[in-house]
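Letters A, B, C, D, E and F mark the chains in the order given here, with residues in each chain numbered from 1 onward.
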Amino acid sequence: MAKKVVTMGEIMLRLSTPGYQRFTQAESFDVVYGGGEANVAVSLANYGFDAHFVSKLPENPIGQSAINHLRRFGVNTDYIAKGGERVGIYYLETGASMRPSKVVYDRANSSIAEASSKDFDFDAIFKDAAWFHFSGITPALSETAAVLTEEALKAAKRNNVTVSVDLNYRKKLWTPERAKEVMSNLMQYVDVCIGNEEDAEKVLGFKPGETDVTKGELQLEGYKDIFKQMKEQFGFKYVVTTLRESYSASDNGWSALIYNGEEFYHSKKYDVRIVDRVGGGDSFAGGLIYGLLAKDDFKQALEFAVGASALKHTINGDFNLVTVDEVETLIQGDASGRVQR
Amino acid sequence: MAKKVVTMGEIMLRLSTPGYQRFTQAESFDVVYGGGEANVAVSLANYGFDAHFVSKLPENPIGQSAINHLRRFGVNTDYIAKGGERVGIYYLETGASMRPSKVVYDRANSSIAEASSKDFDFDAIFKDAAWFHFSGITPALSETAAVLTEEALKAAKRNNVTVSVDLNYRKKLWTPERAKEVMSNLMQYVDVCIGNEEDAEKVLGFKPGETDVTKGELQLEGYKDIFKQMKEQFGFKYVVTTLRESYSASDNGWSALIYNGEEFYHSKKYDVRIVDRVGGGDSFAGGLIYGLLAKDDFKQALEFAVGASALKHTINGDFNLVTVDEVETLIQGDASGRVQR
Amino acid sequence: MAKKVVTMGEIMLRLSTPGYQRFTQAESFDVVYGGGEANVAVSLANYGFDAHFVSKLPENPIGQSAINHLRRFGVNTDYIAKGGERVGIYYLETGASMRPSKVVYDRANSSIAEASSKDFDFDAIFKDAAWFHFSGITPALSETAAVLTEEALKAAKRNNVTVSVDLNYRKKLWTPERAKEVMSNLMQYVDVCIGNEEDAEKVLGFKPGETDVTKGELQLEGYKDIFKQMKEQFGFKYVVTTLRESYSASDNGWSALIYNGEEFYHSKKYDVRIVDRVGGGDSFAGGLIYGLLAKDDFKQALEFAVGASALKHTINGDFNLVTVDEVETLIQGDASGRVQR
Amino acid sequence: MAKKVVTMGEIMLRLSTPGYQRFTQAESFDVVYGGGEANVAVSLANYGFDAHFVSKLPENPIGQSAINHLRRFGVNTDYIAKGGERVGIYYLETGASMRPSKVVYDRANSSIAEASSKDFDFDAIFKDAAWFHFSGITPALSETAAVLTEEALKAAKRNNVTVSVDLNYRKKLWTPERAKEVMSNLMQYVDVCIGNEEDAEKVLGFKPGETDVTKGELQLEGYKDIFKQMKEQFGFKYVVTTLRESYSASDNGWSALIYNGEEFYHSKKYDVRIVDRVGGGDSFAGGLIYGLLAKDDFKQALEFAVGASALKHTINGDFNLVTVDEVETLIQGDASGRVQR
Amino acid sequence: MAKKVVTMGEIMLRLSTPGYQRFTQAESFDVVYGGGEANVAVSLANYGFDAHFVSKLPENPIGQSAINHLRRFGVNTDYIAKGGERVGIYYLETGASMRPSKVVYDRANSSIAEASSKDFDFDAIFKDAAWFHFSGITPALSETAAVLTEEALKAAKRNNVTVSVDLNYRKKLWTPERAKEVMSNLMQYVDVCIGNEEDAEKVLGFKPGETDVTKGELQLEGYKDIFKQMKEQFGFKYVVTTLRESYSASDNGWSALIYNGEEFYHSKKYDVRIVDRVGGGDSFAGGLIYGLLAKDDFKQALEFAVGASALKHTINGDFNLVTVDEVETLIQGDASGRVQR
Amino acid sequence: MAKKVVTMGEIMLRLSTPGYQRFTQAESFDVVYGGGEANVAVSLANYGFDAHFVSKLPENPIGQSAINHLRRFGVNTDYIAKGGERVGIYYLETGASMRPSKVVYDRANSSIAEASSKDFDFDAIFKDAAWFHFSGITPALSETAAVLTEEALKAAKRNNVTVSVDLNYRKKLWTPERAKEVMSNLMQYVDVCIGNEEDAEKVLGFKPGETDVTKGELQLEGYKDIFKQMKEQFGFKYVVTTLRESYSASDNGWSALIYNGEEFYHSKKYDVRIVDRVGGGDSFAGGLIYGLLAKDDFKQALEFAVGASALKHTINGDFNLVTVDEVETLIQGDASGRVQR
């Protein structure tokens, strides 16, 4: 029987311009629904888990459409509470070459930002669950959301559920000070911590090295030092980061680094021609959870996560619609892209 | 030189499902921008006036897109203030036959709802203006918006500008009690009042007759009584209403009634096959303002308004994209729809 | 807790031309998935039941897409077997005015047509189920499908499940002789029988009256005689038919007739402007099952079914995407199609 | 072996706004290619004739696309000359309800308007041909086109080809005076003359009765008088007109009248819900030519022509994409629009 | 007068997801019709030949659409037989970067797979023909198709027609054993043999070298050995292969190798940014046939074929829509892609 | 207050095939309006200037649509004269990889080509203007257009307006001889001259070096010699050229060279992945005018121009829809294309 895995957070309406249109050119928006933890849930459903997404959505057809979008891709939506005022929105303009993609958020006052623990029966939710994943976005949504997140984490731990976090700092949602205050406390419940240098600094206060990500350079050494500090301070089982080399909006290098307290492992690197990079980090988290649950070796888990998320960059929408077989074929070496008949 | 006319209110992002899709089927939304007074401004620009729309929009690409949409159709946007958090949204699902169109609003906390009179130089705005139009939606947006509306009205009167209102009761925005409180006060500045029975009752407290609009019946007599009361209490120069007979979501009857204190005049009635009925009432207001400014006879003004708004029902989007010539051809009797080569 | 209801049959890929294009004009096909019993399952899921669809689909992305389409609209797909060669297809060209819609079937050798009872655990499927629905299409798919259908029916009866059938004669699938042979036997398991005159004649051998459906005439009297015979011979609890008056491909009259052995009841009639009439009969069956399960009065059940299926004609695709509330609003009298804000 | 039929004229690029968009809303144009005689050729190819279209098109990809569009629908394009400067264009905005469709022509200086008889070997073209059709548009294109048309007609007569004309007056192309001068001369070659009252007056100088077509009234009696005069003066074998009752841009009545010198025959009338009425008259001409070539009875020929062209109104684009079988089904009485499975 | 060339095989309906959508995301499919030999016929028609495609298609609108698609692009369809049950289908999902394109076939029981020589008059078909081309797909469709292919080949040879084959092994259609049995026999009729290493091994039993195509490596030496064996055993005039270096689904290297029994010639190599690579091999065959018929030098023929098929990778759909001039411009050295005004 | 800048020329309807379709595949055209000087005006409006476009357009809905398109993006259209026959057209097929983009012009007899100085009040137009820009296309349109251009230039100089020209030789519009005759005379009014080698040779008669642009090579030295000659002969303040290295239709190198009479400055070079390169040169001119008006340093002006026009290559349509901030971010070094949230 499929393992039960749980993620909790916001699912937003994503309104993106078709093709490479700028916002001011758009006469229509492509519609999908997505959000950090929802995206992770879809990855996990695709890999065969009994994936549950916990959130709150208004009782209107837009909220229903978000639910339907999740159901379509196999996520169990039974734990989604109904109520509140609105579905959060983000507008997306897809960049190309030296023109960056642009995101405009309109997510204040969404149903999940105003939800409380009365909306959920967390012990039922975490009963028999193998994994719980959340991101730093969820507690940043509002003060009640921060409280809600901690209640979920307590229940998860009560039910012996492994917990992962994607730090995911969002400067539009909170200040580094507030982030540190909230997130440092939540780290006590976390087993696996995913976050890049910016996250580590803004969310947890670890000083990054001199990496200048806009220059597409990577300084693995800088990460090692930070990872050791993070492991030491919070006792994570694994500290993990993706390593994006942004050559342009069209082409990126993509790899990842994991630290298990003893050893650093840097994955294979992929050069990806980008179709849609939004959700890339979430697909990495989804792949990593699969890998750590299904594979014996944390290095193989990382390779799965990196291959899965490399593939995500070739898929439209927030969700990573790939199967375990497709990821395995890639990581076992066939990146030739030959037609499969 | 073209007469200067001014409208003030909210312009929203309208997200509508293509074809006759239901919300839960939509993979894309058609994008236009519209709102009661913005729609009126576009009508007036089309008829050759120097039409100004006063509002506030955030400094982001969505706000800019709303401005561009207005500019495209000839509206002067120089008086639009920049700032605030968001562009209000309404979702639209177009009905057919016995399935009604459905609107879901997500307009709370929009920039204009949070604007104050500091954002506008009303004396500059109304200098040399011939007309000011607003609707009952604008003061309903927020308490500050109600204050803002009165300040605009005072300035308009200070500058000897004729004022029209479309009562337009919106139950999602305020209660009848609050509506009455605010709107009764604002009526002192109004010369021309447009509103149907529901508006008259909910906004101004006049008791309607027994018309049951869902049955598609019309009781002209009931209106006459109410119109007389309205004229008496508020001293309007004209009291006007559209008369919609909703046979179905696909076919409507459409006419209007005007009262100048002495005489009632019921326009010609059109049977319209509907392409998009949203903005029908606004196109009527726009046509009426044109008629009263450009024609000698209030009856001819009404016929223009009804013809213009009948045509609106055949046009996608909130805006009524017709010329004076097209309306005149229709009201002079050619409703045959023969191809114009 | 939601009642469990089960339907079984084929779900096909529907490829329809956009707009009113003819097949020879099409450069793209709109894609949905549908089929008689699948459509009924979606209706039942929309009305809040725990609706299960039983079928077989190949293990390829087209089969997966059919499953996802059902999941999106709330149908439980856990009982769908995987295997076989292909998803059946039907091509649809939407007519208008005097040009009829055209369906081209390409459904031979689909997975469900080649499925056997080994693919399903019928006792698990019907455990705690309240209703089972199938149509005359399923046993017509192949000889093995006819055997499979009877095994399902036996299991349903073993588990005390109420059974309904929609006779749905398809001349491309079998001859009247073969239909009679197979279907007459299956009627012993049926409680509620839905079928029009053509079905009654071709499938069960009852001689119709002189109704000429292409002329848009209806002869209720002819039906009464047949219904009595059907009731007598097979002991149905209810015999039901929809009554379509096909004025043109764009406009139809739509009502229904039910007989409970004592009384004939002819529903309200709706004149529908058609958006998509495919699945109209299935949406009627779905509405009827809801009505008979949720309402005390078989007449009210019929009114619900007719209102629901009238609404279906305004919705694109095979599925009837309406809620109980929307149907109730219509059958309680508001067919005005006024915008719902 | 299929009969050879020939038409000659202009084929234009048609740029139409999608849906019911106005020109000023369009961000894309739908593309087809069409023109009076090209449309007739497609009808004739659909009915199984060896249909040839004679024209001239520039040697560029737009000219090639026009050829491909004809080939796709079975027209033989071997007689199309290559050269000249441009493909003529017409812009089309599709109306609805009381808003008329609008055509903007941009056809001056097209290749066919500047073609001469050196571009064509008319005796080869008309060898073994059964019919030649042209319209009043072709000689109106330019002075050289008028000369070219007469040369074609002389060659047709030399080869014993039956000739039909659709008078088709276009006020943007020439004056009534010039039309009369050119067309009166060409009538000597014509066997079958199609034209409505406006054509008869503007092109041939026959005084119409008091029919006011914008009022949707029809005065059959007025036609009879004109038809007799036309027959008398030019010796036509048949004089024919379509009778359009333009209720609105969405709904028309459609029938036709034929006179064989002895008898007037008024066809069955169809009420059509319009998808695209452009090319309606051409589809009538195509149907009439088929009818007169394939049927014994001129009344049956007329019924075929009317049925065929009624169906055209339900089909997008200039071309009438229907088969003989589809027309026969309709004229034999099935206008119910029931789905054909 | 244009040379007559003939190809024979299956033309399928191709249903491809728009953009880079995965199958499970698709709400519509783009529609073209294509298949190995049909694609070759279109290339040959584009190059000015009198190109005939021989096949069988059902008498329904889908079959007609396939014919129309061929006619549009200049292929003569007079030899296509009518009858049988269905048009074969292939579903296509376009890959990007490391995600491969995916093809799902649904082609069993198509009309051509069930055709027999009674459907064709091969001596008429090959009368005055200069070339006949077929692929290894056609005899693989069914046992009757294998018989049919040999009958066509015998007739071609009877009529002194040059014959080319593209070996094109399809593992979904037959085993290497069956392929060898059938194809080895057919090789006696072949003058020009096109096939890569996999084809040579699976279809003809020649042992390939150690080339691992998934690694994007090329081993020209390995080919030379095989080519010599092929030439020796079957007496081909030319043995030819394309050489694809699959860097990713987005970028490929593309060249070709030819052997005339004396000399090996390796063409120029192109690095192509891929729009649609399906039909790349067919466009090579089409270019090669053109080259061998129109050019004196087999090396120039090969360069034409490689240039033509490099261009194909930039064109949507199965067909290579380029002219001789466009190919010549490329192979004479202008690959700069500068705008042509 | 924003500086007033003026450009004058033709705005055409651009009809482009969607995606990478070839013309013969297109069933629709994407619609924008553009032209050299109109594109420059839009750039200048985006950068905050009071940008005016001077032209003439017919009084029909296509002309109005061109005006609306300009207004939408902030250009003042008050100086556009109304009249004449048609809007010029250009058809665009977007290339990829080694397949070049293709432009087919159909611009003869457009309204602006037939305009005269009576249509414009040039002294009003240039009153208080800071800059006037035109291209070599405008005087090439017709003899009257050449006269009109000189009249505009005289008025500009009379009003002390700085003048720039983009030489832009178009071989379809005139011969090098005629170009030299007209343009050499106009150079007396010009302060800033933009043009590449081909322009310098064809329009002004300066002999280029041995650069072969189709080979993607650049010979800066050759330019230096020509620039000196140009400066000497015409007294330009600046001579400027863009330097395009056309690797393929998908990827270009992009930089520029400026000469102020003393110093040559070669900008940074960008490698651009192309979305739409039409209007690239115009966006460079727009950026250069901004730079020279807003920056102290001509080198910084050039960097702005190159950065702006590099970004243009990533934007659909003729217009460069970027802000000053976006260009500054790029030229200050962030070409990483990271998502902006």
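Note that contacts are C-beta pairs under 8 Å (C-beta built on N, C-alpha and C of every residue); 3 or more make two chains touch, one makes a residue touch a chain.
If you're wondering where the values come from, they're calculated on a predicted model, not measured in any experiment.
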Chain whose average C-alpha position is farthest from subunit D's own: A
Chain copies touching (subunit B, subunit C) - same or different residues, decided at half shared: different
Chain whose mean Cα position lies farthest from subunit F: C
Inter-chain centre distance, subunit A versus subunit C - centres from mean C-alpha coordinates, in Å: 42
Chain centre separation (subunit B, subunit E; CA means) in Å: 62
Mean-CA-position distance for subunit D and subunit C (Å): 44
Where subunit F touches two or more other chains, by residue: 22, 24, 27, 68, 73, 102
Interchain pairs in contact, sorted by label: A-B, A-C, A-E, A-F, B-C, B-D, B-F, C-D, C-E, D-E, D-F, E-F
Subunit D residues touching subunit F - in the complex, by the definition given at the top: 15, 18, 22-24, 26-32, 60-62, 64-65, 68, 85-87, 89, 91, 93, 102, 104, 106, 108-109
Residue numbers on subunit D that touch subunit E, as the complex places them: 68-69, 71-74
Subunit A partner contacts - residues on subunit F that touch it in the complex: 73, 270, 272-275, 310-311, 313-317, 321-322, 326, 330, 333-341
Partner subunit E, residues of subunit F touching it in the complex: 19-22, 24-25, 95-103, 105, 170-172, 213-216, 246-251, 277-278
